[in-house]
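Note that the chains take the letters A, B, C and D in the order they are written out, and that residue 1 is the start of every chain.
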Amino acid sequence: MAKMTMVQSINLALSQEMEKDDRVMVLGEDVGVDGGVFRVTDGLIDKFGAQRVIDTPLAESGIVGMSIGMAVYGLRPVCEIQFSGFSYQNFHQIENHAARLRWRSQGRFHVPMVLRTPYSGGVRALEHHSESREAYYAHTPGIKMVIPSGPRNARALLTSAIRDPDPVIFYESKAIYRAFREEVPEEEETWPIGTSQIAREGTDLTLISYGTMMRPTLEAASILQEEDGIETDIIDLLTISPLDDSLFVQSVRRTGRAVVIHEAPGSFGPGAEIVSRIMEKAFYYLEAPIERVTGYDIIIPLFSRENSYIPSTQRILRAARKVLSI
Amino acid sequence: MVMGELTQETEVLVIGGGPGGYAAAFRAADLGMDVTLVDIAERPGGVCLFRGCIPSKTFLHLSELIHDAAHAESLGIRFGAPEIDLEAIRTWKGKVVDKLANGLVNLSDHRGIQRTRGRAVFESPNSVRLHQSEIGHIKFQYAVLATGSHPIPFAGVKFKKDGRIVNSTGALRLNDVPDSLLIVGGGYVGLELGTVYAALGSRVSVVELGDRLLPGVDIDLVKPLHRRLEGLFESITLNSRVSGLKENDSGVEVTIADQIDNAVQTYDRVLIAIGRQPNTKDLGLENTGVKTDERGFVVVDEQQRTTAKKIFAVGDVIGGMMLAHKATHEGKVAAEVIAGKPSAFDVRAIPAVVYTDPQIAYCGLTEEQAQKENRRIDVNRFPWKASGRALTMDAPEGLTKMIIDPETERILGVGIVGRDAEGIISEGVLAVEMGALAGDVALSIHPHPTLSETEGEAAEIFLGTATHILPKKKS
Amino acid sequence: MPKTKIDMSDQVYFLSILNEYGNIDEALEPDIPEDILLKLHHYILLGRRFDERLLSLQRQGRIGTFPPISGQEAAQLGAAAAMRQSDWMVPSFRETAAELWRGRTLENVIIYNNGYNEGGRIPEDRNNLPISVPVGSQILHAVGIGYAIKYRQTDDVVMTFFGDGATSEGDFHEGLNFAGVFQTPVIFVCQNNQWAISLPRSKQTRSKTLAQKALAYAVPGIQVDGNDILAVYTAAKEAVARARSGEGSTMIECVTYRMAVHTTADDPKRYRSDQEVEEWQKRDPLDRFQKYLKDKGLLTDDGIESSEAEIKEQIQAAVDRAEEETKSLGDPLDMFNHAYAELPPHLIEQRNALARELEEHQGEKSHG
Amino acid sequence: MARVFKLPDLGEGIHEGEVIAVLVSVGDEVKEEDPILEVETDKASVEIPSPYTGKVEEILVKPGDIVQVGDVLIKFSNGGAVEKEPEKQTAKPIETAAPMAASTKKAGPVPASPATRRLAREMGIDLHQVAPTGPGGLVTAEDVRSFAEKGPKIEEVAESEARPIVKAAPFSVPAPTLPDFSKWGPVERIALRSIRRATAKRMALAWSQIPHVSSQDDVDVTKLEVLRRRHKIDIEAQGGKLSLTAFAVKAVAAALKKYPNFNVSIDTANGEIVRKGYYHIGVAADTEDGLIVPVIRDADRKSITQISIELNELVQKTRQRKVNLADLQGGTFTITNIGAAGGRGHFAPIINYPEVAILGLSAARMKPVVVKKEVTGYEIVPRLIMPVVLTIDHRVLDGMDSTRFLEFFRNALEDPGNLLMAI
């Protein structure tokens, strides 16, 4: 097992899948010779050639539209949109076609493609480089929305995503990209899309989060244990859509208390869906109202203020203690 | 990275990929720590591998061949005049360097070390900001500073690539063989490169400020080399200062001032080799609490710990003998201390080797030091003209000397001048480190005929049991 | 610094072989086997009559809104006929005639227009994508398929259809550009029918032609008389040949006319004059082609009579089959079909919820 | 200039005390009024504040020493530069070695091989203090090792001088003679058989010698019982019997480590406390001949599985009288569980002499317990409760000690997680 950053583990997943399956193609802006602006596709072009690692013209819709065509033909394109902030320019291709072709052709065609794109803030970037808009995709029927929280699960999830028969939007946290390293096994590892995981076991409170926010959430949990003697259960969603509510519903039934954390704006965000699932399936177990800790309903500010926008460990603690105080 | 600043976290951050840096990184990784190695270069190796020891030794190997071939004539073998293909020489040097550099890449990658390119500048006692890098910041628990040193520039001279005035880095590019070359500084760097260029056909001159070559090395070791170089070089000027350098298309106009007057000479090239200074500027040390001395060297304790608890420093950047093997040893110490081991830089004999012909190698106490500390010592010289092996190699000018404590009979230092001194100094290092007595070396059998015998005999001289030299009357 | 003309292809040709009076330019007449000519005639006629029948079905409320094709049969069939079965067609939504040629069944069209997804089902042995409504967005899929074909080193080609309106869309330009960059075997067939709902071609772009837009992307562009099936066929044949031999893409602008409404929900009288329509009726592709075939002695008035009858029957049979099939398509739960390869838990829950509602509803009915 | 600190007159005619704790260590910078020693007199235990500001140069006492008023306890040098001790690592468990005194610097290098020098560093020994045996004053590895074992001669002398030893007179209580019971009716006389006799002797001895104090508590073993049930089977498969006692043994071992004063014996003859560096737990087992206490050795180093297997074997052997003497000796603490025999309440066991504490357990039973609920306030819930008693030897231990010990023990059993952490 080698220690890897998320950048390296995603590269490993791509490389191994391309090795194994000649249908797998990588395309996007600067993904070839330059190895991607975050170097995620570094070295792939040397291994697999310019025909499978495609430097495309600068056109998001073109990249995704072309991927759809390739997928329909039977290839397994993995396209990179340089920043999720630019993927609105290809959103219509996802919504109009990637998500619908299986249904429209009544199963004759399907679109086994993956759209990889970095999301979330915390890296002092310019406008359009820091937002979290997973809700758009999670709200779109016909596609899957995946957000890993670390090098190891990123590799496993991407491998599953590439093999998935339906289109998968794969959000990669810039903040985590190189933040820390984990042991990532050389041998293949997958994680079923549509299944969440328990990141920490406890009995007093349930924290539900994913992606970038997992680290502050885990940090808050250990502080709660040290300072308040509170044992928290933490659910890492990993897949936003289709949402696996089994674990967090069970958890809330045990703890009676929950806080949902995400960086995306609160209104109509994933948290809203999570909370209503709890209402539908665990209302009578609740001991206190559920709290949400999310980004504010504004455009994420430029970086001088972004740290006040992005939910902090302190904000998570405050919410958790509020919920526990009732 | 085109956009934003990614932050990376690590247990141990090593800044600088030279022998000190990579040794620290490797050891730390072997001790199970999460290590990130930052260097501006793509591959580890540092000055030693890319612009120092290794390239200069590849060239020195050639100059030796050339010298031997020429010398062979007097021993009855005639080679033609050497034809020199600079392109081929540079390629060969490149191959050697590549092989070693790639080896280091493998060694660090297999140890799971995170190699990151960039220039690190401290922004706090536990984080650096990276320039020219994929990554914006690195947060660390411990840092090892191994940024090394660079040649001291000559006042008012800019080193241009392909300029006529160069430093060691420029000289090692070996762009061409100048007709005449002036070397400013009579230290080992100047003399080694001088030897190379002289062998390749340049007329080499040396100007040294001091009253002798290789300041700091015992004079009796320097003499034979000096004699040899006088033959090899155009001129060796001591007690003189280069007071002015004017570069023009035809050459460099050099003003050389000795006590009496100024002489102006023109040379094709001038090599500035007046020493090295630490790379401690623009490192953001002011944000860390790391103190440097008046000459800019980082101050450390014997565990390589700087005045900032979590930051360690090794190699040239902390001064002392600016030698790769010293840096390596210090690097390991730093890694072990970080890992909680009771390690310390506690050595008594850092060997130094000058790869001229003849070579000079020494370790431990020198005669000069002893005089300064006016310590009572007993110096025992074994001249190589009494060594069978030396004569078979036609290297009679050599000398091996052993500096011994007359009371305890303990070996305190060893000095050698002569062919392959590099190969036999290690016995001296071991003796000094082990606190060996003259008898320990004298009574150990040395194979005959070898140059190593000269060490055994030097020890025997002290005991009055030497075979190939008359016993000296003990005072 | 001199100001010089940059050397690049700025040529756009216009091709017409069979003029509006049905007179042939022998020099250009393509050599098409008789059976193909007659098959083409059959399909033009079928396209026309089926269009009319659908219109009446719609007026009777037996199907829903649909986009008629009358006037564009030649522009579609001429192009489609240049493909072989293993080639790929990526249509927009007004290429019914081409779809029929490519093997889509009449009842399939009726069922779809009657509001059943099942009508969108593509036969396994036909490489046709289903219709695509968001204007121009399908063009990129053709390029992707083209890239895949190239990667797989088969000599198939892709033909995509779109209208004059689509040339204003970004995806059109991105598609042509990608095709140019990657040299994909794609034929871009523009059905320039003069109208994007109410917006005339003249207001869609100031460009003299639509074909010339391809030149900017180093893709050859040609304009043809879209109501001249021979011209369309000739241009398409050439483009397909180029694509097959690895020479890349071509754009063909078929100048034709939408003789009927945009969709059955549209009233063209609001934006275009009757006499414009009459002008174009004079250039009807059907009459022209029939005259050509008669002149060639391949077709007689009796012959036309009999095919009319045959087609009438063919359509009637299809209508009956369609209405028979739709009876079995009642189950609302089927709306969950083909959402994903496997129905995820939350959709199973939703499907079961609907099932329960329906049962209760049934229950109430039987009580009431 | 160095200053010495002598035990001051603590008043009330106290002239000696026992050092309980030394709160500073050599090299520390202490300020005036900083507590430096804890000394216990027969009146009270007092914290003694430093009279000076300066650096601790030498400490002449260690916990357990009896010191007289006027004895020199600590030597100070009024240190100048205050070097802060390295802040300790909370983030990660890599502890850097503290900066070392520049030993090799002072008085020139001591001749010794690099390996020997490293050995000395590892043992924290200053080579200057090691007597060399090698040629020309070379310090060998052996020199370093023997120095580590014996330590420097001089110190020993200093020790014996510095500490006058107070010998306490051994206690003894003669047993009174019995009346003739047959005067009041028929009696039968049965010989005290081995075990019975031994028990009688020991109990009498313990009772007479040891001032017993018992404290009681209730332990909620609901969680533990779940755990026990879960693993019962597979441990039985391995030939063990996973009883609550097994857990208790482990918990006690951990507690002893934390509170070493429970792991001692009193040497009244020499007025010393014998602190044991091993943790052998005795478990009372009743046989038809009476109580026998087999001992689980090094319980601190054994897994609960190992313990339950070993315990089961021992008890079987004991019951079959197959147990060999070695298995009954060397205990440092005893647990007695009357639960098996049906004991349900608290009781007051007698300490197993010469140990200084014993833990008594009774059967765990479901009992109504009041617990705090976040929302509804207090609630009565059924929990599985085990009564426990800790009896201590008040000569070496106090009520406070036993409360702490019991609390530790309770936490360990109530939340197996804690037990895990305590191990």
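Assume a contact is a pair of C-beta atoms (placed from the backbone, for glycine too) under 8 Å apart; a residue touches a chain by one contact, two chains touch by 3 or more.
Everything quoted here is computed from the prediction, not taken from an experiment.
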Give the identifier of the chain nearest to the protein's overall CA centre, each chain being represented by its own CA mean. A
Starting from the Cα centroid of subunit B, hunt down the chain whose centroid lies farthest away. C
Two chains share more C-beta contact pairs than any other pair here; which two are they? A-C
Centroid of subunit A to centroid of subunit C, CA atoms only: how many Å? 39
Please tell me the distance, in whole Å, between the geometric centres of subunit B and subunit C computed from their C-alpha atoms. 79
How big is the gap, in whole Å, between where the Cα atoms of subunit C centre and where those of subunit D centre? 92
Indicate the whole-number Å distance between the mean C-alpha point of subunit A and the mean C-alpha point of subunit D. 53
Among the residues of subunit D, which are close enough to touch at least two other chains? none
Okay, in this complex, where on subunit D does subunit B touch? 86-87, 89, 91-92, 94-97, 99-100, 102, 104-105, 109, 111-114, 117-118, 121-122, 124, 134-138
Contact footprint of subunit A on subunit C as seen in their complex: 88, 90, 117-118, 120-124, 129-130, 132, 134, 137-149, 151-152, 170-171, 174-175, 177-178, 181-182, 337-341, 344-347
Show me the residue ranges of subunit A that touch subunit C in the complex, using the header's touch definition. 25, 51-52, 54, 56-57, 59, 61-62, 64-75, 77, 92-93, 96-97, 101-110, 141-142, 144, 164-166, 194, 242-246
Counting only contacts in the complex, subunit B reaches subunit A at residues 1-10, 34, 112, 114, 134-136
Which residues, counting only subunit A, touch subunit B once they are in their complex? 2-3, 5, 37-39, 83, 123-126, 129-130, 174-175, 177-181
